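One chain, chain A, appears in both complexes that follow, with chain B as partner in the first and chain C in the second.
Let's look at the complex of A and B:
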């Protein structure tokens, strides 16, 4: 079970979407950004999703502060649509926190869930093969 | 220590330690948050005020550094037509910040602040999770 914590704006919508896409393979819950990022840092959650509306970095601010820049990835900004290949590469490289703007929820969350599930499937296959 | 200083102390300390905000941007953000409380009569707690607090401190730090802030999307201004009181308050807050900091702040910043104020007003009205007025929860 992949544990995802959602913070920031429109958390209800993101949780609904992520749960619907991930089904029984994911567990999604919401938390205040400080709590959510701490859960990931302590291993109580696997991934952090944060949405903001303003483009000033609020979506990932606490995740950057708690997890560090190298664990965070901005999946979309105002005027910059999410790119599936970049999201796949970010997940594969071990990024744990993903920020995006609320106007890109419908496109970004499916890309993130798909990439995370594929990443874990591949990791599982490698373990079985070894 | 005032209410907003206590409420957002841990948040600002974390942001400061990671270099995302500065002491002066925190100070200006706290002053703005106090004005929001005074002018709206709303006590800001973490759930209500965290996005605005984070946004203000980070945006002001970027302005201090001479960075260009992201322009607001057109849809933001359309949505804010339904929140004239919040837009007026945001404009006055930005004007106060310009005076305090001695610098011009892009007009779009008033739109972003108004968006947060509208979200706070909606949350207080509904007494539920703060929603983003520009993106309805039940699209």
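Let's look at the complex of A and C:
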């Protein structure tokens, strides 16, 4: 089970979307940003999603402060539509917190869930193979 | 008649200089995302050059796609235009003069450069806007005729946002009940002949939100509270500088040289200072938790404070009292941060409520600016305005919103205005 914590703007929409897409394999809950980021840092949640107006403002501020910049990724910004390949690469490189703009929730969240599930499937296969 | 009025130019130049200088020294930045990154640079986990390029990527889209169209369409400068730019200037200068541990003349030169470039940027921004306004007034189809149509949907719908927020948080029934309450308050205020029924309706909505948030209070796990003494001490040392910043911001508010957000900007362009006052207060309340916590964790202040300095400045009757109240408001914001930090951690309901309120404001602004844009465009080019704006807005939706939703209205107005003028020349 992959645990995702959602903070920032439009948490309802993101939660609904993410748990609908992830089905049985993910558990999604919302929390205020400081709690959410702390949960990820303490290992009580696996990933942090946050939306705000710009993608890296309110969405990632607390995640950057608590998890460090190198574990955060801005998945979408104003004027640039999210790109599947970049998101896959970010998940694969071990980023834990993802920020995106409220405008891009509908496109970003499915890409993130797909990438995260694929990443974990691969990791699971590797473990079984070794 | 001269097209230039110099006092706003001086104000924005000073505010630009101070904003860029504070960003350069890492004392305050405007962009919420940058604030969290400054300690990362200080800790060496991020390069100054990386910060500069990230800050550019973060701000430039917002500036071009949203801030400029809104400022031009309304004829008033949105604060983002000045201080997002000031962030970029300050951080750019800092990215070039950070040879490790050398606090020499180069650093100082960078500070002077940031201040100077910030002042120049502020002055040019205001001169540019005034020049645009002057030219816009000279054309056969003036732009200001559309401003009322554009601003009305935003101003008159704003009071609904608490109900939307409650609906997000507690579902349809609570949301609908709150909405009826807001509606009844407006009716009562109208019936009693009060001057601003919308403001009373908004106040009623905010009361509902506060009650709901307090009902959810759960003083949970007190041992887990984070403390930010070092950051708080660092901020308190900067108090005189922050007070000056607040004075300048208060003065700018009183002069309407700079406006804190898109909703209050449209209220002002529609002619209602009281509505702008109420809107800015509601916005400051909704943004205080997120800004306050980000300031406490990073030790870096917000260039526009928590938002109350602008409200205080706008409420003040004269320039000197605006400066005084603005300075006072921002100082209190700093001094209250410690208290705010523990309050917010003990009552997460407040943080959550503020978050849903920001969501609600964003959603409402998207709808209201779209409608305003459609109305204004139809006024400018009858028969084509509705067609073009609604059509283009939905094409934007269908393609994953390459243009920010809240930018659709302002961009549409500018295009329709240009088209209307072009048509008069052709006929």
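Things to note:
In this section, the second predicted complex is superposed on the first by the 127 of 130 C-alpha atoms of A that agree within 3 Å, B and C clash if a C-alpha of one lies under 4 Å from a C-alpha of the other, contacts with A are read in each partner's own complex, and residues count from 1 in each chain.
By our rule, a contact is a pair of C-beta atoms (placed from the backbone, for glycine too) under 8 Å apart; a residue touches a chain by one contact, two chains touch by 3 or more.
No experiment lies behind these values; they were computed from the predicted model shown.
When both complexes are superposed on chain A, chain B and chain C occupy overlapping space and clash. By the document's definition of touching, both partners, chain B and chain C, reach A:58.
More residues of chain A are in touch with C than with the other of chain B and chain C. Residue contacts after overlaying the shared chain place A:10 against chain B and chain C alike. In the superposition on chain A, A:77 contacts both chain B and chain C. Once chain A of one complex is fitted onto chain A of the other, the partner contacts of A:122 are absent, as it touches neither chain B nor chain C.
In the superposed model, A:107 makes contact with chain C only, not with chain B.
Clashing C-alpha atoms with chain B appear in just one stretch of chain C from the list 96-104, 186-194, 348-356 or 384-392: 348-356. Residues common to the contacts of chain A with chain B and with chain C across the two structures: 8-12, 32-34, 52-58, 61-62, 64-66, 77-79, 102-103, 106. For chain B in complex with chain A, the residues that touch the partner chain are 10-11, 14-15, 17-18, 20, 46-47, 50-51, 54-55, 58-59, 62, 69-73, 75-76, 112, 115-116, 119, 129-132, 134-135, 137, 139. Per the touch definition, chain A reaches chain C in the complex via residues 7-12, 32-35, 52-66, 68-70, 74, 77-81, 99, 101-104, 106-107. Within the complex, the chain A residues that touch chain B are 8-13, 30, 32-34, 52-58, 61-62, 64-66, 77-79, 102-103, 105-106.
In the complex of the two chains, the chain C residues touching chain A come out as 31-33, 35-37, 39-40, 45-46, 54, 57-58, 61-62, 64-66, 168, 226, 290, 293-294, 297-298, 345, 348, 351-352, 355-356, 358-359, 362, 399-405.
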